[in-house]
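Chain IDs A, B and C follow the sequence of writing; residue 1 opens each chain.
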Amino acid sequence: MLAYLIRRLFAAVVMLVVIILVVFGIFFLVPKWAGVDIATSFVGKQADPASVEAVRQKLGLGDPVFVQAWEFFKGIFAGRTYSGGGDVTQCSAPCFGYSFRSEQAVWPVLTERFPVTLALALGAAVLWLIFGLAAGVLSALKRGTLWDRGAMVVALAGVSLPIYFTGLLSLAIFSHSLGWINAEFVPLDESFSGWFGGMILPWITLAFLYAAMYARITRATMMEILGEDYIRTARAKGLREQVVIRKHAMRSTLTPLLTMLGMDLGALMGGAILTETTFSLPGLGQKVLDAIQNQDLPFILGVVLITSLAVLIANLVVDVLYAVIDPRVRLA
Amino acid sequence: MTTQRTSGRRKQAMAAAAVVAALLTTAACGGGDSDSGGSKNGAAGFDAANNKVAQADLAKKGGELKFASTQDADSWDTTRGYYGFMWNFSRYYSRQLVTNTPAPGEKGAGVSPDLATDVAKVSDDGKTYTYTLRDGVTWEDGKPITSKDVKYGIERVWAQDVLSGGPTYLKEVLDPDGKYQGPYKDKSADKLGLKAIETPDDKTIVFKLPEANSDFEEMLALTSASPVRQDKDTKSKYGLHPFSSGPYKFESYNPGKDLTLVRNTEWKQDSDPVRKAYPDKITIKFFTNANELDQRLIAGDYDIDLAQTGLSPQGRTSALKEHKGNVDNPVSGYIRYAVFPQSVKPFDNIHCRKAVLYGADHVSLQTARGGPQAGGDIGTNMLPPAVPGSEGQKYDPYEMAGANKKGNVEKAKEELKACGHPNGFKTTIAVRNNKPVEVATAESMQASLKKVGIEVGIDQYDGSQTAGIIGSPTNVKKKGYGIIIMGWGPDFPSVQGYGLPLWNSNYILESGNNNYALIEDKEIDGLFEKYTTTLEDSGKADIAKQINHKVMEGAYYLPFVFEKFINWRSSRVANVYTSDGYSGMYDFVNIGLKSSSK
Amino acid sequence: MSELSKSGAAVGEPTGSASGSNAFLEVRDLKVHFPTDDGLVKSVDGLSFQLERGKTLGIVGESGSGKSVTSLGIMGLHTAGQYGRRKAQISGEIWLDGTELLSADADQVRKLRGRQMAMIFQDPLSALHPYYTIGQQIVEAYRIHHDVDKKTAKRRAVEMLDRVGIPQPDKRVDSYPHEFSGGMRQRAMIAMSLVNNPELLIADEPTTALDVTVQAQILDLIRDLQKEFGSAVIIITHDLGVVAELADDLLVMYGGRCVERGPAEKVFYEPRHPYTWGLLGSMPRLDRDQQERLTPVKGSPPSLINLPSGCAFNPRCPYADVPKDDVTRTVRPELTEIGSKHWAACHMSQEQRERIWTEEIAPKL
């Protein structure tokens, strides 16, 4: 088990380094290949070429890419200093870059926004796991019945409807029309109830999509597992059916769901863009959208990196949980 | 002004069109007063604040004025901001020697003294401007604002490498050869090495222009001429917390999230003839969802849209239907148009350009822009209505709003013959992919030009890369973009503040070019030159008129609309008016609340 | 009504009594049908037999002959695992020690499962839950029916593992199924099924998934345990060799029905159904040469939705034309007693069969 963990951890670290290199490569090489000059977007509309050049220098865009990559890499561990035009900007470790667009270091903004996205993702995950699993299991056990078909139609709708539709609709109904919920984001440290109230609709909206997905997968997996020999063995022992389902079938059903959950949670770190945009939540997704609109490369880079990191960590956790659930994995 | 009439908003708006119906119905449940005059909910009435002051006597001291926006400023640093709303909003915390007159409509485009006791004393040759500072003008820490602070603030424009993004007119006028390196590289002890500005004492400031420029005072009225105190200059980080010279100061700012201004207790009402400073507190809340923003505005949770870009289509429909009294329909100062790069054949031939002007269906283009209210009146020439010298629709050389408004196939064919392409030709329209309305206008052009035999392909390019793609003449020629769809608004209301980068041959740049038509007309260049030395207003207006005529005669542009938009004000606000000085936006600095509670 | 031998060899016609059964296990006219989109699958169609305590019954047939379905039917596992609308249709009677299982309350049957009747499955790897240790699974089986704490149950599990011949049982009890070899797994499976001293043990192809050498060990183990525990045993197999030395009685199934049954030595040495002959021919024997020893029954098993008319075996039967008037293809042969407790369902006359067996079949075996 320990060896397994160490192996996984090592693989994760290697992966992280590779990701940083690849992401960095993409973000700094591609604009160069595409012939797009990032510096011009930083200056005003009648700026002269000298100003553009000066900005380019300050952003370090003039350096060879490997120098830029090394500087960036070093910055993560040692911090870095940007200077140009008599102005010195300090970006302390871990420096994930500095946005000259909003004059902020990337890392503090990410750490400030990350919890919002995390809360969104985790809260929604709890909801979608509860409802998705429950609906999926019930559907599997009542397969072919009206309940099963109804649930699967709702699930299909959930999977197909875009978030900005369900999100805006729920806002329109619950917040604007019925006035039940004040759907404005309130930071957690200001008021718990305010925060909770502001998160309910985003949670439900996001959870609806995923619950639908999880219900479908749960149903399919459950049906498959129920056909397994060891389920028959469990019944042959004289176990009550609900124990068979709960103890034997559920545990096996969880395994593929766990894999999905790991991927989904990781991907959500950056992928909650639509939900965050719809509900104006100050999370990572919103930031990345903002950054894309403003061509704020350092932030895009930062968000992509932290998202990759999140996916990586989520997968690591899944790997560990996987080993806990399935003893066969420990050997692998 | 480059207000970014922003991409994301519209895009999402379109994407969420499916929800419109639902939103509209719910909105309908909420309000329900379709008054257009003064009303029970206290709204001033439709267009009540358009070029006139609405409910001036209802404004009370105190309260919290709430802005909301989907767009943060490019920077709150007075040197670096270029968005129109930023210039407008910056007057809350920064003063200038002179500033836009705090009056509705046309008058707002004029210049009034602010920190200075009066407008400039200009020497006869138009090259020396002298101002005296008022008594009692102070920074937020109570220290007086001096002429040196003003000079330092202006010098910051020279430090483009650190403080990029803002307008650089002052630099070009005061130091056209770029001799000064900016305050951060200034070797002199006081960092006030710019020769063109003299500060003989703390109250006096003298500008010495190498060449006269009749718009110089308009340039000094820009936010980028605000004073900055050297010991409070945090350089590139100044925009996060500018040091206030105005009636409000920064309390907190979280980029992209919120901004709070509170009263600057050191500011004295009697030292400031411009700002009424009614509210106690001014806040901005940033949203990411345009529909949500409009909903919240209409629900009364917020007072004014900071970006002043007008309501999105859904919100617009709902507002006009249910809350007409809260809406104004001002002219934005923008002209939306198509422009023909002469480097791309056959647009080197004026007749081919004219063929397009005659062939286009101007009503359909106006509809694509949003119709008469949200789009604007059919554009007939290239000088925005708020710019002195403008004749509006009265000058319509191609009868775009008249006989030919649905397109004139016959005339177009005549021009095609004259151009040597009697059976038409093929070309490509370049349009920003993040502006659905522009894509719609491109499609409209495509349809109407087909009737005269001009086959048009549409190339949607990455709108965030505008400067690199259509701002590069080489690229435009390579791609064969015969028609480019764009829009432009004045930085300050004069033909120079609007048309100089568009039409002057000196502004043809290899990158970041705005003279897309590549106009190299000695006469136009000469008129601009003459304009800068003409100090008297009617003469300036006349030159503006001439330049406009020259541009139209050259058939370089096909104007679509003199843009208008639908702007929202809550029922809580009073003393609201639109100002030509800010392209039809509300003049933020004098908006008050009707009640100080909440 | 047939006579039941007191000493047990207990295959005979149903007693006909509707009120009960004197046999330990008696199956009467068991039918198990599955509705499918293609039609009704008649997996078992009118099967009857009896079994006494301490005796072993071998049920033999190809896959799809209904032997496994029969065993699951006895265990009540067709109804326990059914979800949705399409349920198995089961009729007939199954008497276990005086209780009729098909009409009994589901929970009552559940309580009998694992305690009074237990089952060993073909593939112990898939039949054991991969996520639980062997010990946990045995403990669970024991504690369903015994109100004891986990410690006691675990001691019992170790004891059982020891009994089935697993070395270091106190250590291996904490191993997972995938850490066992195939034979060990089947031993563990047997330990689990015997943990409650069941009176009826059903072994469904207990050795099919195992190596030949391990097969013999497992069969030996089952025999020993049967003696020790005194259980009745049903061994289900497609391989006559497996039951040759183990079974007291044999029942040969084809197409969901019984085609021949009787005491093991009778069915082995005087088989009176061509299908049984075929099975004997395909039986691996150690004293024969590798190449010639396997002559499987030609053709494929019949469709259980549309059984061939007449004798279900007729399309594959080399002697289908021996009886006159095409009777094999039109009339279904009844099970008839052809000797003491020896029953077979074939249209050929006794003499014809005896002759064919002694002259054509037996010499080749």
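The criterion applied here is as follows: a contact is a pair of C-beta atoms (placed from the backbone, for glycine too) under 8 Å apart; a residue touches a chain by one contact, two chains touch by 3 or more.
Everything numeric in this text was worked out from a predicted model, so none of it was measured.
S.K.: Of the chain pairs A-C and A-B, which one is connected by the greater count of C-beta contacts?
M.R.: A-B
S.K.: Sort the other chains by how far their Cα centres are from that of chain A and give me the top one.
M.R.: Farthest chain from chain A, going by C-alpha centroids: C.
S.K.: Counting in whole Å, what is the centre-to-centre distance of chain B and chain C, each centre being its mean C-alpha position?
M.R.: 90
S.K.: So, what's the distance in Å between the C-alpha centres of chain C and chain A?
M.R.: Chain centres of chain A and chain C, defined by C-alpha means, are spaced 54 Å apart.
S.K.: Distance from the CA centroid of chain A to that of chain B, rounded to the nearest Å?
M.R.: Chain centres of chain A and chain B, defined by C-alpha means, are spaced 38 Å apart.
S.K.: Give every residue of chain B touching chain A within the complex, in rising order.
M.R.: Chain B residues touching chain A: 2, 6-8, 12, 15-16, 18-19, 22-23, 26-27, 29-30, 72, 75, 82, 159-162, 164-169, 172, 178, 182, 184-185, 235-237, 239-240, 254-257, 286-289, 291-292, 295, 299, 464-465, 467-468, 471, 501, 507, 509-512, 514.
S.K.: Can you check the complex and tell me which residues of chain C touch chain A?
M.R.: 72, 75, 77, 80-81, 83-86, 110-115, 118-119, 121, 123, 126-131, 133, 140-141, 144-145, 176, 178, 192-193
S.K.: Using the touch rule from the top, collect the residues of chain A that touch chain B in their complex.
M.R.: 35-37, 40-52, 54-55, 57-58, 84-87, 89, 100, 102-104, 109, 164-165, 168-169, 171-173, 176-177, 276-280, 282, 286-287, 289-290, 292-293, 295
S.K.: In their complex, what parts of chain A are in touch with chain C?
M.R.: 140-145, 148, 226, 228-241, 248, 251-252, 325-328, 331
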